[in-house]
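All remarks here apply to the structure that follows.
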Amino acid sequence: MSQFIRNGGRSADQLREVRITRGFTIHAEGSVLIEFGNTRVLCTASVEERVPPHKRGSGEGWVTAEYGMLPRSTHTRSDREAARGKQSGRTQEIQRLIGRSMRAVFDLKLLGERTIHLDCDVLQADGGTRTAAITGAFVAAQDAVSRLLSDGLLTATPIREHVAAVSVGIVEGTPLLDLEYTEDSACDTDMNVVMTGAGHYIEVQGTAEGAAFSRDEMNQLLALAEKGIGELVALQTQALKAPLVK
Amino acid sequence: MSQFIRNGGRSADQLREVRITRGFTIHAEGSVLIEFGNTRVLCTASVEERVPPHKRGSGEGWVTAEYGMLPRSTHTRSDREAARGKQSGRTQEIQRLIGRSMRAVFDLKLLGERTIHLDCDVLQADGGTRTAAITGAFVAAQDAVSRLLSDGLLTATPIREHVAAVSVGIVEGTPLLDLEYTEDSACDTDMNVVMTGAGHYIEVQGTAEGAAFSRDEMNQLLALAEKGIGELVALQTQALKAPLVK
Amino acid sequence: MSQFIRNGGRSADQLREVRITRGFTIHAEGSVLIEFGNTRVLCTASVEERVPPHKRGSGEGWVTAEYGMLPRSTHTRSDREAARGKQSGRTQEIQRLIGRSMRAVFDLKLLGERTIHLDCDVLQADGGTRTAAITGAFVAAQDAVSRLLSDGLLTATPIREHVAAVSVGIVEGTPLLDLEYTEDSACDTDMNVVMTGAGHYIEVQGTAEGAAFSRDEMNQLLALAEKGIGELVALQTQALKAPLVK
Amino acid sequence: MSQFIRNGGRSADQLREVRITRGFTIHAEGSVLIEFGNTRVLCTASVEERVPPHKRGSGEGWVTAEYGMLPRSTHTRSDREAARGKQSGRTQEIQRLIGRSMRAVFDLKLLGERTIHLDCDVLQADGGTRTAAITGAFVAAQDAVSRLLSDGLLTATPIREHVAAVSVGIVEGTPLLDLEYTEDSACDTDMNVVMTGAGHYIEVQGTAEGAAFSRDEMNQLLALAEKGIGELVALQTQALKAPLVK
Amino acid sequence: MSQFIRNGGRSADQLREVRITRGFTIHAEGSVLIEFGNTRVLCTASVEERVPPHKRGSGEGWVTAEYGMLPRSTHTRSDREAARGKQSGRTQEIQRLIGRSMRAVFDLKLLGERTIHLDCDVLQADGGTRTAAITGAFVAAQDAVSRLLSDGLLTATPIREHVAAVSVGIVEGTPLLDLEYTEDSACDTDMNVVMTGAGHYIEVQGTAEGAAFSRDEMNQLLALAEKGIGELVALQTQALKAPLVK
Amino acid sequence: MSQFIRNGGRSADQLREVRITRGFTIHAEGSVLIEFGNTRVLCTASVEERVPPHKRGSGEGWVTAEYGMLPRSTHTRSDREAARGKQSGRTQEIQRLIGRSMRAVFDLKLLGERTIHLDCDVLQADGGTRTAAITGAFVAAQDAVSRLLSDGLLTATPIREHVAAVSVGIVEGTPLLDLEYTEDSACDTDMNVVMTGAGHYIEVQGTAEGAAFSRDEMNQLLALAEKGIGELVALQTQALKAPLVK
């Protein structure tokens, strides 16, 4: 089967250009604009000195996430969820995924009885918003934790390792890394993979949009994802090296 | 690592006892009680001779699913979602999964402009409700389609192949097939796999509850799931052989 | 006026076949499947060791009920109330009726500061779901109380007497006991009666669907209801005699 | 048992002072302030030249009711239902009762494809708001129909007969007609009765608040209600005799 | 430009007939029916001996308002907000305005930790409902405070001065005081002004409905409003002189 | 009274630094990031080729606005309105104000039967978000209209003139232009003024937060606003001069 040609001559196993801007807004303890090509997600980390009811008195903290898309972040305008009065099933699914992914690398005991809220708001969408959100939220969470450490509220970091995510999929028979919107719409199989810096899986969510996929195809997709996430973790590391000037 | 001991001497790669009762209630075009051990889900298939707005005039049909748990299907009583006034994120996630899984084996053109509603209501929960729901909903959908065929409303079946689902997970280092509730609560990794009768993947959803999991562990889990789904498809086939007496 | 002919040769003052299955599900403190002919309602009683705000600190307990119909328990599929985001007026009316009926035979002081939740979910509907629900909920509540007594949480039963309910109505001029769906749809007058084991009234709700009804007709309906409820109380008593094996 | 002494020396079978003020507000086709003693309900009838979906194309009209209490119509302030975002179960039960009661005396064919909305808003509550609402709504509906007749939109009245309602109850062993709030709070049995001008029943809703009630007690209550409703129908007739000056 | 002719020969700077009826209903601590011509608003003041969360432990009280229109207070029937399940943006805007206006003349410290709820319900609408509501709510609040003083719950009044409100607008080039509905619908500019008894501004809300307005037009409108509010304050004072007989 | 000292040596009648970035996101027909100092609002204009029900068949278009704040745009995190399930009264008030302000400069006939949706989302808040939103939304609307003109969908612009807005207030006795958050929190009087490019008023909303304000103070505030809006209109004009490169 002939190879699918990507926009801008991108190769099948190549990430879009990734930009991570820390300190994008001034109020949040962590505030990161992450861009995967034209996908732009603002991830803020807010520290609250209390926990939800199921953690009260446990000595443990909590990490949770919310996700939203601005109405015109997409090609055609979507209804505003606040105006409709409820979040869609898709929104809830994504914010639950982000929350689980972040908690997987947090030691909630070390966090102490406080909550980190991660708000991931899509300013512009071009595919991969949930994976960009996870990758950016990690950096925002790291900045919030650094602040807690420098303020003396924490003495040891509760973050055990990096977490990052990427989408992979099969378009016209070609396995591709980091799908943009036109690829995502055309793909037969779509998989979102969340991994740790050490290369282990936190979440794998693969869906056959068209034909069901084989074990061999899954293996190719997992290999692509592993490569991409390795690069994303390196980009996170590099972004976090610079001092944060606010 | 020593092997985890399962209830009732079940081996690691063994399904719970599966029972499929067709014609469980009288009004629905398809009505199946499916039991995976103590998990009992009532799956009904209802045919409606119209389609939702996004399909009107398309010549295509639609297949959709809703999921619910009776308040005391669980160990402790949960709030009734109708009384709370909204479905939880978990409920929405599950019913979206069931709907996608069923549509993956349906030819919507052949279905014509009608909708099949699959209602999956958990009467008793002991782990694996979503995978039991998918496996049972397929049988209910098949009965509804048979009725459409025998009534002359369809001349060819829109169902391309079987679909079934099972959960797998790693508990205390042991990969296990078809987790019951106590195993599910204790597991480090939990994966729901949906496959076709031909052995291809429709959905793979793996989540690290505790430690992240390795590629090798994923491979073991996928092999277990493949074995279990093969057996479930055989059980569906056998259940569908008997004539349906209502 | 000629007599209305009922399905299956049932006489005007005859109940449908009533079946009461205790221990229908495993988690609830009381779990009863009650069948009035083709009407099947699952009634569970759940004990919670706390009370709603208006009873806190009162030394008294609370008994409350919720009611629901599975979407395809009926001839044509109804919307799922959880998905619509609110319970219908009919649902609320019925669950308020069940709750009042059960509280009428409970000594809330003797119950102590705990709540019994009665969940009545209609698996299959063929008329009389609310009266079946009340009759079955009593048996489930009795099982839950027996458990509290045998666990030593109660030393005296808070249940003062039996409660059961039946519908009566006038169809084509004939007063009938225990209406099934086709009779209910055709009736001019519809009355639901809730009585104690001692033969006193807890609720009488009579509605003229077509022509208004006379005092004489009301008297005939009340006599039919009294007969039917006497039989239902005997069936409850008999069902409760057997030991509950779970 | 000694007789219960009522406020103001009212006898057990005596209505409170009833006042019916037609044309209380200027915009509605029918607008009636009805007072049962200190209970004051504003009942408006609004004519809309279309019907709800289930009546479209049927050639028949519809009559429906809504009920509300101003937040401080009661002894202590209640939450505003519009602010809470939903109507209580009690409110829905009452407005369904008013709607059914009014439809029982309407020939919907003769009404033609239009809707009469009856809005019953309690300005001041002192027991019996739902029975006052039904009694007043009839007068408002009659005025709206008279307007339709005089405007030539109807040629024959769709109203077949009067409808009125009253509460009865047993307080400290004494059967009483038309309960005021303090009586209602203290009563063992509470019954709302809706009857036609011809003396037939439209609705009977009796509830044991304390002890269950006997057949003999029910008979006494029904007799009281029949007397009261006869007087209310006479008061409606008298109020409707005067020309309506707006 | 020729002068706009008002209904009933009213001059451009003339209020409609204003009637203030205290003690209109019996339960509320303050209950005032205020009429601006055909606009009739029932304003009740309810005292609650607790404060909302943001005032707890502050030693200060709270004053808040809610606003509603009966469905048929208007020319054509509006949906009931309680039935629709939410208050409109207009309703919220108005009740926030009333609340702010009342708090502007209250010393919350002197009120102590209690809440005054002002409920303003429009029985009949003919323009200017929000300004009538503010003017009437002041009188109701005054009566509630008088009751607190006479009951010894307060020793000094927390009300610092009068507050009243009126609408002004430009219709066909003519600046008018106290717009009625037909004027309001036709006006180019609509302004609601809330002032203290001492002649200072609490709120000014001017909106160009058609053409934008000039500074000169604003000055004329403010002068009209000042005149009208002066008269309304005098009417409040006069109404409050009479002893309140309930 | 001594003069209030502003941050950064800003004079009392000086705007904060205003930046207008067109083409901030790629999908919307108009997309503007407007900054008033640290306040940053993303304003998008989306064209939809249909109108809401009240305009259908009228030959006229519609212009409407929605407003939102990202949860951590503020000093402390606010609840996400989509998660809470409803927009606050404040949000609704602001989006109604933006919509009215924009419609005041639009000729809806010339727009034709299409809708322009203006979405104003606050990325970072430091006072004056609603006035920045109006000022930025105008530029976004202008870009959307230019696109309609260049696409030949419009032949004449429906925009009659500029609209811009600014806040003014009195802090510690000093009238100030364009309040930032700390000033807004401390002010006695707060006024939002919306004006056309020609210097006429569209909206004036003045509120006494502390003491009521005098006519003289209002005059000073209006003069400040007029100066500020003149400058904002000049900035809009300048921003719109550059060609829009997307």
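By letter and in written order, the chains are A, B, C, D, E and F; residue numbering begins at 1 in each of them.
We take it that a residue touches a chain if its C-beta (ideal position, glycine included) is under 8 Å from a C-beta of that chain, and two chains touch if they have at least 3 such contacts.
Chain identities (UniProt): A, B, C, D, E, F = Ribonuclease PH.
In this text the structure is predicted, and so the values were computed from the model without any measurement.
Steps from chain A to chain E, taking the shortest chain of touch contacts, total 2. When the contact pairs of C-D are matched by residue number against E-F, A-F or B-C, more than half turn up again in E-F.
Averaging C-alpha coordinates per chain places the centre of chain A 29 Å away from that of chain B.
In whole angstrom, the spacing between the mean C-alpha positions of chain B and chain E is 60.
Chain F has its Cα centroid 51 Å from the Cα centroid of chain B.
Shared interface positions of chain E, defined as residues touching 2 or more other chains, are 85-86. The ring sequence of chains is given as E, F, A, B, C, D, with chain E as the starting point and chain F next. By the touch criterion given at the top, residues 86, 89-90, 92-93, 95-96, 100, 104, 191, 195-196, 198, 200-208, 211-215, 218, 222 of chain E touch chain F in their complex. Residue ranges on chain E touching chain D, taken from their complex, read 25-28, 31, 38, 40, 42, 44, 46, 48, 66, 68, 70-77, 80-83, 85-87, 91, 117, 119, 121, 123-125.
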